[in-house]
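Each structure below is given as structure tokens.
The same subunit A turns up in both complexes below, where it pairs with subunit B and then with subunit C.
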Partner chain A sequence: MQNEGTSKPQKQKTSKAERRAIQEAQRAAKAAAKEAGGVKPSASSGGAVPALKQGKVAKPSSQRKDGPQVTAPVTSSEKKVVDRLPEKDRKKDVPHPRMQFDDKHRVEKAKRRAVVNQSEARSRVELFRHLPQYIRGTQLPDLESKFFQLDPIHPSVYKVGLQYLSGDISGGNARCIAMLLAFKEAIKDYSTPPEKALVRDLTAKIGSYVSFFIECRPLSISMGNAIKFLKSRIAKLPHTLSESEAKSSLQSDIDRFINEKIVIADKVIVRHAVTKIRDGDVLLTYGSSSVVEMIFLYALELGKHFRVVVVDSRPKLDGQALLCRLVAKGLNCTYTHINAISYIMHEVTRVFLGASSVLSNGTVYSRVGTACVAMAAHAFQVPVLVCCEAYKFHERVQLDSICSNELGDPDVISKVPGWKDLNHLDNWADNENLQLLNLTYDATPSDYVSMIITDYGMLPPTSVPVLVREYRREHLWI
Partner chain B sequence: MDFQVVVLAGGTSKNLAPLVSKEVPKALLPVANRPVLSYVLELLEASNLKELIVVVEGEDAAFRVGGWISGAYVDRLHVEVAAVPEDVGTAGALRAVAHHLTANDVLIVSGDLVSDVPPGAVAATHRRHGAVVTTLLCYAPVSGPSDTGSSAGKDKVKKRRYNIVGLDPTRQLLLHIAAGAEVDKDIRVQKNMLRAVGQLEIRADLMDAHMYAFKRSVLQDVLDQKDAFHSIRQDVLPYLVKTQLRSEISANGLYKVEDNANGTVSSQNNLTWMSQHREIAPSAFQALLALSPRSPENVLRTHKCCAYIASKSKYCARLNSIQAFSDINRDVVGEASHLSGYSFSTQNNIIHPSAELGSKTTVGPQCMLAEGSQLGDKCSVKRSIIGRHCRIGSNVKIVNSVVMNHVTIEDGCLVQGSVICSNVHLQERVVLKDCQVGAGYVVTSGSEYKSEPLARK
Partner chain C sequence: MPDVQALVNDFVLKLKRRKIEGSHASARHTAELLRSVISQQRMPHTNQAGALIDAVKAVGEQLIAANPVELAVGNIVRRVLHIIREEDLSSTATAIEGLGLSAGSDDDDEGQHVDHPALSAAALAAAARSTLRAPSLQTLLEDIPRSAVTPQPPSSGGDSEGKSKSADKNLRSRKLKHDVIEAINELIQDIDTCHEQVSEQAVEHIHQNEVILTFGRSRTVKEFLCAAKEKNRSFRVFVAEGAPRYQGHVLAKELVGKGIQTTVITDSAVFAMISRVNMVIVGAHAIMANGGVIAPVGINMVALAAQRHAVPFVVVAGSHKLCPLYPHNPEVLLNDLKSPSDLLDFGEFSDCMDFGSHGGSPLLHVVNPAFDYVPPKLVSLFITDTGGHNPSYVYRLIADYYSADDLVVKRRSTS
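Moving on to the complex of A and B:
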């Protein structure tokens, strides 16, 4: 109390409410300092608190707010006084991929740690406020100009991050493989710093790379599972191994994962699925799935006669690339957009869809529009077969597409490529009553799915939790 | 980030005579009273690239450049100055330092580039596409204002140097580049290139800014195999762009199998997986190539050349002619003033506190006066740059010019649109319009020169 008296320039007459507010603030500061004081030595936390007190006293008149709101600026100013926590502890504060983004303070914290500069969305759809709203157009030039200043990030990790940001790589399998190969390179060039354990340091490094990827583009479920696998392999490394042995063992683990869980799994799925294609079939697919394409090409090699209908949708229009590749191989194809799905469905005999993941209640989490296609097929009593590798399964349950999703760039919706005169939405941001929403994923309920084809066989959607439970994580991913 | 930087600082170029001389190589020509090389070095330092190799033609020039760099950047940058014989061209200069290059990629910057485009952007584009070469393209500068242009006589036809650049629809792949003399003849576009991308956009408003990112192995191969290549811009780059689809470079870095014994098997397998899956960033380019009826070996032998187009808000210019020299000087004090690093006074000019102005002397906006300069009475300085320790008499008019250090200008002179190098003495009532006066020259009183280079024999 003494130093406060001497430092105050003049005695300010504070009202009772203000004094109460100051008291609350000091109590809250003390509680917060006690928590943070566990990390720092007591001297500096003791030094932090009086500085706070001075800061708080100097502006009492502005603090007419209630206690809880006063604590928020207190904690933020305290953060500036206390030194930044070391890397390892900071890692725990990295925003979880399922972070809720309507909490302002968590968002502020996350922003301060961000490597990539994220600007606020111009207008946010209220229903989706809990999802990260990013404007990717400004991120890429910003990340590019910082290219040489981001030293702790390995070049191949950086390259893959840039490719995610710019949309060069898309699709669950492609993203997962690119990420694992980048990690393999990073592990190859890794060397343990002195006085640190390989296991912990490497895990921390991989964690930092993962946060970088998240900032470039939110993780897909396949990527999340692959990261869990890699971390568990690192944690299980025997301590007796030397560094080079550990590194080569990790690299061979990554190779084995890619080989067994993706490449060979795809081959098995293709073998199973081809048995469901008969001569004279009309097969429908939506968007561009790597597995479905392989199924069609293999069936063509086996000499089956069938037709393919490729359904596509704006804004990504991935179906066009698939169409080009199928036509080049000599398949008889029809191309249409999703608005015509009910007109074409009566010709179709089977529907093959790819998935980003299948959840525990049998819901298929896939590219937006898949649910529509599945529902239309169900209405016409056309069987829907979803092809998904087992490593993409996840034990969570999702009932709708709202609670967890990814938001894309809204500007892409307002422009139609090739039609320059359709410019009515050019200034959509100026209109306060208009918000554009570009969802990336949607959830297809299990009622619309007839069968799921995985590398463990062909199952009904209700069997997915059995698979996740019986062939537990260790088996699913190893 | 596994990048190495090489700055090609040239030597004494013929385009810029009489401004350059033995004492002042091209790299040390002052732009807004700072050597032009300092702009490149500041740009690289700002991007955290602290270890550079600077290549200079000629032993003397290398010595001077090295001396200046070690004086100015002693703690901030780690620079190795390499001297190469004169007239070997940029490709020859690179051949000389090729054995010093060890990183995966090399960033090559020309020492006469004045720009604020971050080199990280070029490097990031290079890595993202896995390209063999990435060039920086900027919008070509519009020619200078009319008061300099009008005085050029009818006999001096200013040839605008065009660059013809062909890009794909996404504006990231470089499909065709032609510069210099080739431009006047027909443009030949390869059919297979057109077939591969579908649409080719040809632009004449983009200029090659001479900042390249090369894959080191490819660069070394090209330089070794093609001894006749003289210049990067005119030989190496068009060669790489033309052979994109039928790559003759054997060390196609992407597909080179590393020596590690275990690695051999798995990386081969990797590649077969990738080509089966087409999952590593297949651009439309390569995917369409895969469709064309070729044997599998040919499909792999392609490489990509990318281009990064600098945004219009960035300034980018090269000092390769006298007109460019005047333009850049004007721009650095004018529109691109953030590059100069000085702070402007309220009248939008930079006057050093130790400069002395006589009575009734006006210094207009976008001017610069360096330390120790003295101006007499009733002078008028408009849009010009005056160097250090100049003695300028009364009734002198300096318009649109560049005056370097230690120049003496007597009373009554008129200097318009000219460049006056160091240690020049202009006697009374000299009129210079669009002239370039070399270092140490004495212009006799009362003479009038128009559009002439004056130099000491």
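Moving on to the complex of A and C:
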């Protein structure tokens, strides 16, 4: 912070010189790769364009259907590849606004390019017009019929996309790992077409795969960060590598990412978290989080005596799967539904929650209902510990659960499994006054969270933007 | 008498088996049953009120013990007891006023002595009561001419006095029963019309373009919202489905039938949606003496969320739900734990929940409470058929409807 004022004029001088150098390099690259068709020049200036620009472009990939072909005009912030971002670029580092689905023009454009035929739902809740909502039930058979015709999509990517669509894979870590492994397969089978540069073409291909995934199910924040990482690695490939070397380097990068950022990070989190479990504790968890399950099982292995309360809610009821696994290991469990948290919170000593992401203002973005559990715990003065790997952090900020969310299938609300006579809401779509709303995520305010346990240690929620800023470019993704 | 006992037994059985659900139905049945009990009660010559009170207490004790969580039953029993006491007091008060002047003029008549002790107790009570009542100019001015003008039968002398005294007493006893039964009829009518009276206040609280959140299903809330809709207020309603009974679905269907824009959300989405809501309106199972609310499970979560977002939390309830008891440990003592089959399919988990294996302590417990307690500080307003009240005012309402002697409904053992 101190060298800002003194170094500002110097930085600006070098930036001009840098810009000139970049422009010349660009011209040379253009001349070398003038055959690159179908790729817009704005996005791909060869290897000279630093990773951060690609990073900025890829940032909004979580909700955009245009892939890496960025339409936002690039500002004059092209820099050489530097380790530390100069001031100017850092200020323009505001996350790009995501695609808003109440903009008809953009929606039409995206539809034309779509692989999955989606028809928008008829009755939509007004408050959520900016989020996509499609009629379920028609996409899966449609995609299955197209299986052998979709050349541009690699089969393993297709398979993972179908698994997302049907809900077979759920959970931030699982989805991210599945996606990265699919990309690894795709890269293994990839071969550069003649007269095209590996970097640009592979980036475009990855972009199209990402668009396909978004059509199946909107990206989670963990997936978005992983995609950013992959694209930055692709962009940073030295030109001297041959194709097979480049491919194997990328595959090993992916392996390293999965290993370091997910597998080992989980182990570190578990080690930290079990220090917070004492004998005689009653621990509460909500829904099904992979990290929290690992924590409980590890604490059991260490021989601690504790009880677990699993709180569950409709419509996913994923707590039941967690309950199955915990009881199978011999853990003493109590199961209840989210309405009864006031009743059960009297006995609870600690609350462990998982997260889909932690945003820069300390808000925890996770499965809908987590905010209610954290609120009840706060009201009864029970500490809330959120366990989240550092790669899931994001520099976005969010105040409530409405501005950004995922709308699930509304039919699931009207049908309650096991209650055949509960048919009050059949044919709900016919009635224009009635809407069903199935939210997937919600935002827990940071003052309800006592501590966030990450692989970088145990921090308060206010330290998340520090982590995002300091470790993002270098350590977080490498 | 025997058929009254049969009715009582029948009702007790229904309460025990939870065949009667809902405070409205329970309250109505209780009131009708007590009316039958009173009308068939034989009245002794002295202390009719005491006899009635004893009879009602005997029946009431059985009813309350059958389902202690259904507080409306106890409320109505205590209301009836209070009615009996009030009617008794008011009838002896009028009798005192009439007899008061004759007591002075007939001092020499011997036949009065038997009645004096009873009268004096009643007189004391009446006197105490009239001093408690704030004296107004009207009562002061009215009292004097009344006692001066009305010539009472006892002022005619001699034997006819004694006869007219007993005739008077018979009149009084029949009158007491009659008054009590009339008051109970009024009570039943109040219970029936409580929804209309609450709904009349809907227009004051719901304006245009409001967004209202409600939870589960309450008949009072439904009528409240429909009344506002009839006055052409446009508003939207978010209904939380209210697992595990899913009554929210039923309410949504009913509201949509009346043309109200409704959205059904899951209970877990309450915190997410409440930031866009103007008001939360819910019903209650019972309102306790401290202003706390016993409500269907999940409403405490809604109340906490409403407090966090500074959204007014309004509870609508009929006055038969007002309970004079203070909630001690309400989560345990005033709660019903229901079957786990609502939450878990028995197929997978039955061996874990088996109390027979694992040496009596199974690995898995399923908790399914039926009620929630909302502390008074989370409630912004109570709307009852007597108007809108603060939680801190509830104790005064209770003083109007109940007597302090009736808090514990136990038949005094004859000693």
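As a working rule, the second predicted complex is superposed on the first by the 381 of 478 C-alpha atoms of A that agree within 3 Å, B and C clash if a C-alpha of one lies under 4 Å from a C-alpha of the other, contacts with A are read in each partner's own complex, and residues count from 1 in each chain.
Everything below uses one rule, namely that a contact is a pair of C-beta atoms (placed from the backbone, for glycine too) under 8 Å apart; a residue touches a chain by one contact, two chains touch by 3 or more.
A quick note: this is a predicted structure, and the numbers were derived from the prediction, not measured.
In the three-chain model built by superposing on subunit A, subunit B and subunit C fit together without any clash.
Contacts of A:263 after superposition on the shared chain: subunit B is touched, whereas subunit C is not. In the superposition on chain A, A:220 makes contact with neither subunit B nor subunit C. Contact with neither subunit B nor subunit C is seen for A:289 once the two complexes are overlaid on the shared chain. Touching more residues of subunit A than its counterpart among subunit B and subunit C is C.
By the touch criterion defined above, A:339 reaches subunit C but does not reach subunit B.
Once the two complexes are overlaid on the shared chain, A:324 sits against subunit B and subunit C alike.
Shared-chain residue A:174: touches subunit B; no touch with subunit C. In the superposition on chain A, contact of A:162 is made with subunit B only, not with subunit C.
In the superposed model, A:398 makes contact with neither subunit B nor subunit C.
Taking every C-alpha atom of subunit B against every C-alpha atom of subunit C, the smallest gap after superposition is 7 Å.
When both complexes are aligned on chain A by C-alpha atoms, subunit A residues 324 touch subunit B in the first and subunit C in the second. Those residues of subunit A whose C-beta lies close enough to touch subunit C in the complex are 125, 127, 312-315, 320, 323-324, 327, 330-344, 346, 368-369, 371-372, 375-376, 379, 400-402, 405, 413-414, 416, 418-419, 422, 424-425, 431, 433-439, 442-443. Partner subunit A is touched in their complex by these residues of subunit B: 1-3, 47-49, 104, 118-121, 123-125, 127-130, 262, 266, 269-270, 273, 277, 279-281, 283-284, 287-288, 291, 311. Those residues of subunit C that touch subunit A in the complex are listed here as 238, 241-244, 246, 249-250, 252-253, 256, 259-273, 275-276, 297-298, 300-301, 304-305, 308, 331, 335, 340, 343-345, 348-349, 352, 363-369, 372-373.
Contact residues of subunit A toward subunit B in the complex are 141, 143-151, 155, 158-159, 162-163, 166, 168-169, 171, 173-174, 177-178, 181, 248, 252, 255, 258-259, 263, 290, 321, 324-325, 328.
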